[in-house]
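Heads up, the next two complexes both have chain A, just with different partners, chain B and then chain C.
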Partner chain A sequence: MQCYNNVVTWMGTIILISGFLTVLFRRFWNILACYRIQSLALAIATWTAGRMTGNGHLEMIAYATLLVKAILIPSWIRHVLKRISTRTEARLTVGVAFYLFSAAGLLLLSHVVASRALYGLRASPEALTEVLALVLIGLFQMMTRREAVTQMMGILFIENALTLAALQLAKGLPMVIELGIMLDVLIGILAMGILVYRIQEQFDTTDTARLSTLHG
Partner chain B sequence: MNTLVLLFVKLTGLLLLAPILQGMIKRLKGTIQGRQGPGVFQPFRDVKKLLAKRRVISRETSWVFGIAPIVAFAAVLTASLMVPWIDPTPWNYMSDLLLFVYLLAIPRFMMALAGLDASGSFGGMSSSREMAVSALAEPALLLALLTLALPARSLNLQNLIGGSDAVPIFTPAGLLAGVAFFVVVVAELGRIPVDNPDTHLELTMIHEGMVLEYSGPQLALIHLTYWIKQVTLVLLLMNVFAPFGLVFAIDAAAGLVAVGWLLAKLAMAAIALALTETLLAKLRLFQMMDLMGLSLVLSITALLFVATGS
Partner chain C sequence: MLSTLITALAIFSGVAFLPAPVVFSTAIAMLASLTLWGVGGSLVWSVLVDGRMQSAWGIFYLDRLGGFFLGVLVLVGGAVLLNVAGQLRTAAASDAGHDASGSPKRAGEVPLTVSLGLTLLFLLAMILGLSSRNLGLIWVCVECTTMISALLIGFEHQRAALEAAWKYIILCTVGLSFSLLGLILLVYAAEISGAVPTLDPVGLAFLAPQLPPALLKLAFLLILVGFGTKAGFAPLHSWLPDAHSQAPAPTSALLSAVLLNCSVYAIIRTAGVMSAAGLGADVRSGMLLFGFVSVLFAALFLLVQHDLKRMLAYSSIEHIGLISLGIGIGTPLSIFAALIHTVTHSLAKSLAFLSAGEMVRTAHSHDMNRMLGMLRRRPAAATGFTLAMTGLAGLPPWPIFATELLLVWAAIGAGRLWLAMSLLLLLAIAFTGLLYHTIRVVYGDDPHHHHHHYREGRGYQAEPAIPETVVTKRESGLIWRDLSMAVLALMVIATPLLLLSPAAETIRAVAAVIPGGGL
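Right, the complex of A and B next:
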């Protein structure tokens, strides 16, 4: 049980670190690589959780995570990126240093909230802090990066964070719900990819700030 | 007496291991990149060749140019003796964390002066860059180490090891601080995302630019200083964050195992450094701040986790 907690927390930390890395990177490929690492870490955490607690369905979910989040979705995004291939760098609206320290500020904020929420309970606030921070960083990314593709990835990061939350705080969700969410995400990302492609065709850019000047 | 013998053993080992680590990194890098790469003992041959050569000193230089390599070497050697290798026994009561960080600042200062002293344009440029990078790397280095000093309630490097019950790298705070520390080590060593140690030709060089005017035995000393700094930082990283195979009592069998662990750790570090050098591209100078910012943010997060006592 102790070992289970350790592995899951360790993977959670890796997910947090790669969350910070996404803030640092500008290139789509690097951000995509971060997503792959996150999904891999999530799959390992889920698998270990399944093994240690004897929950067979968690292991199944781990394999599904590996297939969908570490292979299918990244390949699809890669495909979309190759098709639109306008620019390889995501344009930022703020400087990277400011961006990084805002991320740290968000982490502090989530730490305050997490320790308040868990006050008096025996659970350590670390897990909740990590997860809240990851969600906030994902939202912040969607706000500050104007490319449609990075906004799509922001959703993926938030979804990963929420799955991690379920794993760390509630020891996983029921299998039906997990698989349903995964299918939703997959379909959503497929649709979004096609949409991004259409935006590119229509407006010659995926910069969402310019979409307000709609074609007649 | 015992302390003196230990000191002597440590110094000899240092002078032997430091060039070997450099050779290992270069060899591995070559293998990963699909070339043969120089042999592991190539640094020894380089030093031997340089020692046999004459010095050529620019007319523009002053006495600073002459003493800079010696002062840098002495400072780095002192710092390196503070880092525990296989034994966390506190025979070295002087190994203070703050002293260690600032001993590493002395060679930087001296080499920057020497770079300016030769009044070459490359030297001045590199000195200014070195100072810019170190201004960012120094607080990051301190902060990463302080993350471990807080639970250990001590600034002594020897006490940092085994300061907490768990192996630091397997705890969230330790992992965060470890990654932060690794980023700083790469910056301190001037390895690839920050500086390219293999090139002399580009306008981007930092470390190589400062030592451009040196030749012969002085250059050998500078190389040796760099290698010792490298092995010291690597050992500190490994021993503080993953303190496996350290001996707590004097015992021949345990000592041998510990030496084996030491070599394994060095090999692991060589693999990690060679891989980062191959996989990453050099960053623009103005993006350095972002990298150091990442290290700072990770350290702050780790401190937060440590400070709340979980």
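Right, the complex of A and C next:
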């Protein structure tokens, strides 16, 4: 049991660190690599949790995570990136130092929110802090980088954070729901990829700051 | 019966994706429409009138509340599918020759019939969402509708539509991820207080009193923000006017008339859990705040719109805001009003979007300044549009007049005088805006064009006239499009019956399920 907890905690840490690292990278390939590592860590954590608690569902979900998030989705994004192939770097609207400070600030904010929500309960706020921070960092990244592919990646990072939350906080959601969420992510990324193609075709760019014909 | 409906729609949508001649896909659309009305209608009848709960495969359950929302879906969905059949025939006929809408030719790789398959999948996802007795499953279905409808919005590959689709899919997915976090926190709350975790709203309502309130509040806030984004509550609505105005007409109708309701349904389900935990006051103030801000934004933005479909989208925000206010006031009267409002708004709004689509097709523009005098140029659509708009604005014979009054009355009764007063003012503004635009578009005199240029279903052409063969082919699709509007118009005309005894009793029974709605 101790070992299981250790593995899950370590994987959580890896996920948090890779979430932080994405803030520093500008090249899509590096961000994609971060996502792959994160998904792998998630699959390992889920598998270990399933093994140790004797919960067969979790093991199944770990295999599905491995297939969908570490293999299918990254290859689809590679495909999209190759096809649009105009730019391989996300434009930063603010400096790296500002990113780092903001990420740290978001971590602090998550800690405050988590401790307040769990005040007086027999539960330590670390796991909740980690999840909230990952979600906020993903959101922050989506707001500051306007490239369509980075926004897609941001959604994937947020979704990974939520899967981690489901594992660490809720000890795994029912199988139907976990698989449903994974199916949604897969369909969503396919749909977004198709839209990115079309946007590239019509606008000759995938910079969403240029998508500004509609207003009011 | 629920399993029949789900299986039938799943088969139809699967078949619709197969490459096939247009005759075949229109046949599928009509069959699906009949199935929806026949099977769906009797399903809803047995749930609402006979009070029997329906289930399928032990996962999907349909109770009164779900049955009510499914009823709205069935009424609107059947008509929209007929319209899709018409659109397919028209598009197939015009693809053969000159592109009727004057738009650039679509990229050849996506066959038209895919849009039918996507529409059916969209409907299926909403039906599954409404019949899930599990908040997690509801979330999965609502999220799935985002992906499918985003593809439908961007289907025509025009710049504005793609931009709208992108904004829609990104903002709604991010918003909904907050909801998922909220749901995970609900399970977490059950976990740390030693209860058996569940996402069944009924089971959760039982557990709720033992759960830690601070965590529940955080969870509800996240869930409300998430589904609220999808429901188009201001100030989270920025995607809505774009998406609803850029989508093809049948998709706009489904987005506005059905999908928004599904998100409201999810919020009501969560609100039930929160009220059981004694957090009813927080739920009510959240709904009141979002509702009021939505009505405020929408009423002001309605006035200054030039784009016809954009105006309709803002009207949807207004009405969703009113429904939210009804739930937020939280008295039996206001919740009853909110439910009647939901049905009437959905029927009238889908009619409005379908007829607006026809008018846009005739005028070759979304701009209201370029579609004056529609009563001459496209009489059937203009008549339907007028009917729908009088219904939406709340002219007396239609129930929205009554429900808006009931809402104000209920607000006064609940001691919220300021709310009632400002609501009256905002409703007057929205009323003026909607009717001003409608009268201009329908009866306005267009100084640039002469009357004899207009023909039914053909419109004014700046370019050389369409060859006659194409016109006759378009007529075949036109019949189905007009039929779908006629059916919806009949339903709108029948809406005052909702306020009379048997229907009103049924709706009151539904209201009793919603927190604060029981007598």
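Quick note on the criterion: the second predicted complex is superposed on the first by the 212 of 216 C-alpha atoms of A that agree within 3 Å, B and C clash if a C-alpha of one lies under 4 Å from a C-alpha of the other, contacts with A are read in each partner's own complex, and residues count from 1 in each chain.
Here is the rule we use: a contact is a pair of C-beta atoms (placed from the backbone, for glycine too) under 8 Å apart; a residue touches a chain by one contact, two chains touch by 3 or more.
Everything numeric here is computed off the predicted structure, so don't read it as measured data.
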Chain A as common anchor, with chain B and chain C clashing or fitting: fit
Chain B versus chain C as contact partner of A:Val112, first or second or both or neither: neither
First (chain B), second (chain C), both or neither touched by A:Ala104: first
Which superposed partner A:Ile71 touches (first chain B, second chain C, both, neither): neither
Chain A residues touched - chain C or chain B, whichever exceeds: C
A:Ala209 touches, of chain B and chain C: first, second, both or neither? neither
Touched partner set for A:Ile158, first chain B, second chain C, both or neither: second
Cα-centre angle that chain B and chain C span when viewed from chain A, reported as a multiple of 10 degrees: 160
Lowest inter-chain C-alpha distance for chain C and chain B in the superposed arrangement, angstrom: 17
Complex contacts: residues of chain A adjacent to chain C: 113, 116-123, 128, 131-132, 135, 139, 142, 148, 151, 154-155, 158-159, 162, 165-166, 169-171, 173-174, 176-177, 180-181, 183-184, 187-188, 190-192, 194-195, 198-199, 201-203, 208, 211-214, 216
In the complex with chain B, residue positions of chain A that touch it: 6, 9-10, 12-14, 16-17, 20-21, 24, 96-97, 100-101, 103-104, 107-108, 111, 115, 124-126, 129-130
Chain A-facing residues of chain C, complex: 59, 107, 134, 136-137, 139-141, 143-144, 146-148, 150-151, 154, 157-160, 162-167, 169-170, 173-174, 177-178, 180-181, 184-185, 187-188, 191-193, 197, 199, 212, 214-215, 217-218, 241-242, 246, 301, 304-305, 310
Interface residues, chain B side, partner chain A - complex: 170-172, 175-176, 179, 287, 289-291, 293-294, 297-298, 300-301, 304-305, 308, 310
